[in-house]
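Structures follow.
Shared between the two complexes below is chain A, which pairs with chain B and chain C, respectively.
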Partner chain A sequence: MRLIVDGRPISYEPGDSLLIALLRADIQPTGGGCLCLGGDCANCLATVDGVSYVRTCQTAAKPGTVVQLHHTQKYPPLPQEDEARPAVPARNLFSDVVIIGAGEAGRTAAREAEAAGKSINLLDATYGEEAIGIYPGPLVVVRTPHETLHVHAQDEIIVATGAAEILPIVPGSELAGLLTRRAAEKLAQAGLDLGRVVAIGTPPAAVDCQLAAGELLRFEGENGRLHTVITQTEAGQENRYACDTAVLNLGLHPRNALLRMGHNLPVRAVGDAALESDIPACPNEGVVCPCEGVSVADLETIWEQGFHEMELVKRATLAGTGTCQGSTCLPYLRSFLLKKGKTLQPSFTARPVTRQLTVGEVSAGTHHHATARTALDAEHRRLGAQMERSGGWWRPWSYGDPDGEYWAVREAVSLMDVSTLGKMIVSGPDALEFLERLYPTKVSTIKDGRSRYVLLLNERGYVFDDGLICKESDTRYSLTFTSGGVSHAEMWLRDWAASWQMDVHILHQTMSLGAINVTGPLTKQLLAKAGLANPPGWLAHTKAEVAGVPCHIFRLSFTGELSFELHHPAEDSVKLWRALLEWGQEFGIRPHGLHTLLRLRLEKGHIIVGQDTDFDSTPRRIHHDWAVKLEKPAFIGRHAVERTNKIPLDKLLVGLEMADGPAPMEGAVIWHDGQFAGHITSSAWSPVLHKAVMLGWLHYFDGHLPETVTIDGRSARRVPVPFYDKEAARARA
Partner chain B sequence: MPALKRIAATRIVAQPQVLDSADVPQSSLALRFAADELFVTPPLQDETIITAHDPHAILIREGGFAGIWLPAEEAALFLARNCEWEIPNGRPAFAQGAVASIPTKLWLEDEQVLFIVPAPYAHDFAERMQD
Partner chain C sequence: MNEFQEKLVNFKWVEPKKTYDVIIIGGGGHGLATAYYLATRHNITNVAVLERNYIGGGNSGRNTTVIRSNYGIPEAVRFYQRSVELYQTLEDETERWIMHAQKGILWMAHGETAVRAEKARAEINTAFGAKTVFVTPKEIKEICPEVDLTGGGVWPIMGGSYHPEAATARHDRVNWALAEGAMKRGVHVHQNTAVTNLIKSGNRVIGVETTAGPMHANVVMSAVGGHVTGLAALAGLRLPIRTHPLQAFVTNHYEQKFHPIVASTSLLTYVSQTARGEMLIGAEIDRQPSYSYRSGHHFLQTCAHRAMTMLPFLRQLRILRQWTGVCDMSPDYSPIMGFTGVDGFVLTTGWGTWGFKAIPAGGEQMAQLIATGETPELIAPFALDRFAQDRTMADRGSAGTH
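On to the complex of A and B.
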């Protein structure tokens, strides 16, 4: 049975861990340092079958395993893989109690829990189940060779992980040939010849060794290997012990990192994991944290700089944040701070995870955020649309000819899938009162069958969404919201309805309804052909069939041209879309994507909330004072709007134009007389106006807005919006 | 890839007590999404069983959800991999929450489980079922 180590085959014995196999071949995985064989230290790490940072003492040797040693400063070689590794699956387990560690203490805890009628999950690294983190839930994440377990505890988690042995921190502790007592016993049991052995502290069982007298002072060696242990008696006399192996019994400290992760969670420790730590003698020199290379001298420096608390020492030095997560350094940090500050400080906090993980293990059971698809998604792709994520949806950016799409809207007729628009219904005896409080417009003046553009304000009077209120009856309204804002808006509505104890029903129907915007000067002809002889007037809405599909039809315009939004059951979207495209052929119809829409609406100066607005955009700053009726006694944000209206404006969302192209990038800085004056929020070249048109935030200078500014080194002029069809004659045609 | 199909249903938002006592046909599957929300498939033929008791109730023809039945064993395996919350033991049972990070409603019977997701996420859900 052979392994491959750095390209060289080595033999191993049945039952060997990788580390024991390496030591049989006289190979030190990381070149030296005291070995614990308990999974605690970072001195046996290697890259195994392409996975770095594997604890070889915890990994069984198998035929053909490929081991690469971490030669350079204990860091692994860079991965050379071209192919992605397969995903690691996750599996969820549920029980009342989760016990980590199946030693005596863990088994006792398991028996007690079972006797109390609790269901349990008993985990142990020797079963290949390595608990690597505790999260709120509480949840234990467990690494196994083939999957990641998410083990959920209904009642509590019990940590029964035992105690780790304290490693030496003296000059020379990086040499090969140092073992903890348990490690020495395991190696002796595996039949390894340890040579001449010197023991410091209680000697290991079944290992012939010489007991060193006095306090450990340092190790000496040659070519990285130990040859002498030096101790010091109380009288100050040095004793030298020639040896091949030093076995150290310096005390125990609890393996309680998982417990420390579970702060404020129902997690407790039992057995040795609940022990108080032995506190070793404070080191005078040497490397305290081998993982991060923190020396005693470093600790002295940060102490002098005023870092006296354990958590600060950890942050200042990074001691305890490396591979072993403090298993080596923590007892010594406590010892150092005890000596300096005369107080024994608690251990530092721990955070998941306790082990280096692969990307596959980290991502097990997780998914990227799902992006919604409208009922027309396949239609868009079939038509060759370039799809983009926008507002949580896949949307067509363009069907390959943005200019052609643009002119279809301006001169003929076009379709756009606007199913992503947020859509809700509010119904009930308190519907009007509810909406009056919610919106800054006078809802009571909206007549049956009419709709109105509205802003949504938060308590600070800032705009956070916009849309339409469409009155169906005195007790029933349809509302629309932005595609990306509707989820927040739904919570907003539900929270306020509950807070005000309003007798209303709320239904979120964005995903239930498809919506197609039919727009362009020939729209009425197309709709007439599709069976809609009498479409609603400007800002009116009605219910009727179009192409045999029941639709709620809204007359409004975001493109600046004659437009009707056809809201319909999502399952009928394809039928309606195909019918309109087919019947629109004679009118030169073609669908348009977001790329075109963004230009069209910019020419009309229509804002997009979230793009043109900021977190502090008041209605006045975006020229939407007209949408706020301060004569209303109460609505959300009223007091804030009233107050901010009295404050002189410091910036305004303005229209800007530039005669020559190309249009500046969105986000471009606006300059005035060499000073920062704002930034561009929307920008596009207008095919119909033959100039670049922009919206942007412009700052006041001495109480005045600049008339001309500089963007990208070119001159731009401030102009009123809209840029196109100022009288709205086309939209209202 | 498993195919989720749109579910024809009626979605109702009404007073909880009206929904509690609604005389939904025995042959329908009625799932209580919330105290004030009921999902009935196939669609209700007689909406007056609700509107007679709550004139402000909202009833819509609902085609915005897609679903798929899986055999119980296959469903249990998929849920073990993709569901971070405990599935109820009793059958039949209704449960809802994130499955494979997608908002999902489950109708659990002895032999099979119906997975219902918003139709806009059906494509992603099917992909995740295949993983």
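On to the complex of A and C.
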């Protein structure tokens, strides 16, 4: 079996990790440095099957694996990829106890938990189950070669990740031929010939070696490869040990990042992971942070520059910010600062990820934020609509002919899918009182079967949504909200109902009810044909069948033409839509999209909350004072409106029209005598008026609103709204 | 030594005094910048900056280092443009390397309404001195060849705005250059010195209690990030601030190749490559207010997914680290700077997700305010009393991500 290293096939033995396979072929992945074979150091990194920074000691060799070594360039190149690929699968696992690490301590903890009747998940990095972080939940996220696991613990997480071996920091520690004790044992077990071995500290088991006497001083080598270990005795005498491999046992520091990450969560450590770290002697020279190339001399320099806090030393030298995230340098940084007279510094803040995974792997189990579709979505697409995300929904922007759609509304009859409209029922004994407190209008004066346009204010007196209140009875009201605002509005209603301890029932019906707006001067003829002989009068609503579909029919108008909104069970939407389109043929029916609607309503001067309003829109600023009844004793925002009404106005939402020429873009800046005077919020060419009409924020100058302004270098003037059909004769026809 | 080790900055630490002309609470970017500009522009050096931990250890050292001025209201465009320009000369002025790099930011539009919004952004920016232009998908591909114009087939890119002056700088180095510049001129910076209370005389703040003893001053400024509402409460102020976590992550180091900053309001994510070659990816604030620095999995998972939607090559990159900072959000998504109504107590807060880019202008203006006793025209719109006066600075342009 062979794998491919920098384009060259090499053989390996079954069971080899990539690193062992490389070492069999006498290849040092990063050219040198002490190898740990425990996933801690950064000296065995390579690009594996296109993914860089893979620890080859933690990756099983497979036939045909393509390995590129990192040491040929400073940083690996960014991969070329310009289209999406299939997602990595994610799987959720649940148990009482999650144990990270299947060594002796982990297995003992597993036995204890099982004996106590607990279900367990035992994660074993040897089998490629690498825990990358502990998160609230508590949740352990685990990378495996095939999938990403989300491992949930009901009771607790036990960190049994063991301890890492402290790596040598002396001159020459970048040479090839250095191994930690455990690494030497693993390689010997795999049958690798380590040559002449010198051990510093406790020697490895089952490896023939010479014990070095004295304190490690430096390594010497040639062509990047170790040939001599030099130690110093207490008497100051240097000993030289010729060898091929040096094996180091310099102490342990616990792999406790997962434990520290899980502070205030039910997480505990067992075994070596619970140890206090050994603090090695502070070295006099050598590279402390191999990832970023930071030497002892660099630490001394930065200390002299006045960087004395652990975090500042780290940030100023970058020690600990590389791939191994401090696994090599942390014990030495602590010993360095200890030597400088600081107290023993705590470890760096533990942050995910403790083992690396790719952006693709971590995204496993998520999806594109869903954009809702109405029951008519397929109908729109079949009719060739360009779809647009709006207010959290896919909506038809146009069916390809915005002008035709426009004239269908103004002169014939048209449909629009308004299923996205927020729809709620408020019922119960306190329904009226609840709505009186919620809305600035006098809800008690709405008669049965009637509707009223209303604003929703927040406590600061700013408008955050609008819609209708439609009274069905004293204890039952049907409410509408904007498409994008209803989710927030639902929370708003429920929060206040709870705060005020109101006996009301709130039913959110947006998803269950479809809604089709039938609009245009020929609407009544069409509805009559569809079985509705007596449609409701202006601002009235009624329940009746249309085309055999039970509908709640609201008479109102956003387009400026005769309009009926048919709310109906969403499962009947297609039937109703198709029937109306078919029966409307003789009246010249065609559906219209958002693009057309935005123009129609602008001609009528109707605002769109969120487009024409801003966070600071009081009813007064948008000319909606009439919708606020300050004589009412209490409603949300009342005090704020009363207070701000006394402050002189600084700006107003106004109607504007261009003297001539096309419509300026929305967002265009309004100038007055060379000064900033506001901006346009809505703008369109009006086919019926033959001019460009706009809504925009206009600033006061010395208490006066300018009559004429400049937009796009052209003249525009302030005009009253609506622009079209001022008497509303068409809508009320 | 790597090429990025700080080689020039030299700190000289001194013992605290009992009185100063000005005490600044918070040794982050804004506190240090205010001290720096007090010293360099107004020759006011009897100043102490008090930091409870280490300098730049809060959000000044946790942000994603984007500098830009493509905001949505004239007042903000002007203010941030001032900051963009001060950043451009900060290296020369301090003679320190802050790793300032002009990159340009691309702001993607994924629909008709988003196209309108980005056109409007370009319009208002241009009117008030920030260079922003609307760009077509073809132009986007030229600026950033790595981008997938189909948005993974789900979020097609229909255009965008391009703000070429957008830049990045190394956050730590900005903090250090300002700290050193102030200290060289006699300003005291005291680390590991936490303010535990304000000393008041009537309605006037006259000093602070600290873990290193009481200190008195004519002016006390709060440049605190995170726990600012608690500090302001000591002065008897109730601030309209909620503090939310904001998270980000970086990948390992890769060859320097990805030049621009890429952002999307619809996807609530933005991507750039650091000078060291890490791909840096950020998102919007966490919805739940909190002071917690704990990192979340949902953020990492979803943000990774959204970033790949625009930039598919990210898929294969290995993640190095994720982290969290906290953002002080005001109701109108604009900062709060200036006098507070409490004599002797001024503040700079509400820095939300835009604090780093405002460091030089915020510091310069607050220094002028302290030195002259008058609110400079550039920051007058951001006064605290705007909320009581119904003059909020509603800026949807800053309600994005960074």
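By definition in this document, the second predicted complex is superposed on the first by the 574 of 733 C-alpha atoms of A that agree within 3 Å, B and C clash if a C-alpha of one lies under 4 Å from a C-alpha of the other, contacts with A are read in each partner's own complex, and residues count from 1 in each chain.
The rule is short, and it goes like this: contacts are C-beta pairs under 8 Å (C-beta built on N, C-alpha and C of every residue); 3 or more make two chains touch, one makes a residue touch a chain.
Please read all numbers here as calculations on a predicted model, not as lab measurements.
Contacts of A:212 after superposition: neither chain B nor chain C is touched.
In the overlay built on the shared chain, the residue A:365 is in contact with chain B and with chain C. Judged by the touch definition given at the top, the superposed model places A:52 against chain C, while chain B stays out of reach. When the shared chain is aligned, chain C comes close enough to touch A:75, but chain B does not. After overlaying the two complexes on the shared chain, residue contacts for A:136 are found with chain C alone; chain B is out of touch. Here chain B and chain C are compared by how many residues of chain A each touches, and C touches more. Judged by the touch definition given at the top, the superposed model places A:352 against chain C, while chain B stays out of reach.
After overlaying the two complexes on the shared chain, residue contacts for A:270 are found with neither chain B nor chain C. Put simply, chain A uses residues 139, 150, 365-367, 369 to touch chain B in one complex and chain C in the other. Against chain A, the residues of chain B that register as touching in their complex are 6, 8, 11, 13-14, 36-37, 56-58, 60-65, 79-86, 100-102, 118-125, 128, 131.
Looking at the complex, you find that chain A touches chain C at residues 50-54, 73-85, 133, 135-137, 139, 141, 150, 292-295, 297-298, 301-302, 305-309, 311-312, 315-318, 321-323, 325, 349, 351-353, 356-360, 362-369, 388-390, 397, 460, 595, 614-616, 618, 643-644, 647, 650, 665-669, 676, 679.
Residues of chain C that touch chain A in their complex: 1-2, 4-7, 9-13, 54-57, 61, 74, 110-113, 116-117, 119-121, 123-124, 127-128, 146, 148, 150, 152-155, 172, 176, 191, 251-258, 266, 276-277, 279, 281, 293-297, 300-302, 304-305, 307-309, 312-323, 331-333, 389-392, 394, 396. By the touch rule above, chain A contacts chain B in their complex via residues 87, 89-94, 139, 150, 152, 154, 365-367, 369-375, 377, 393, 425, 427-429, 431, 475-476, 503-507, 509, 511-513, 569-572.
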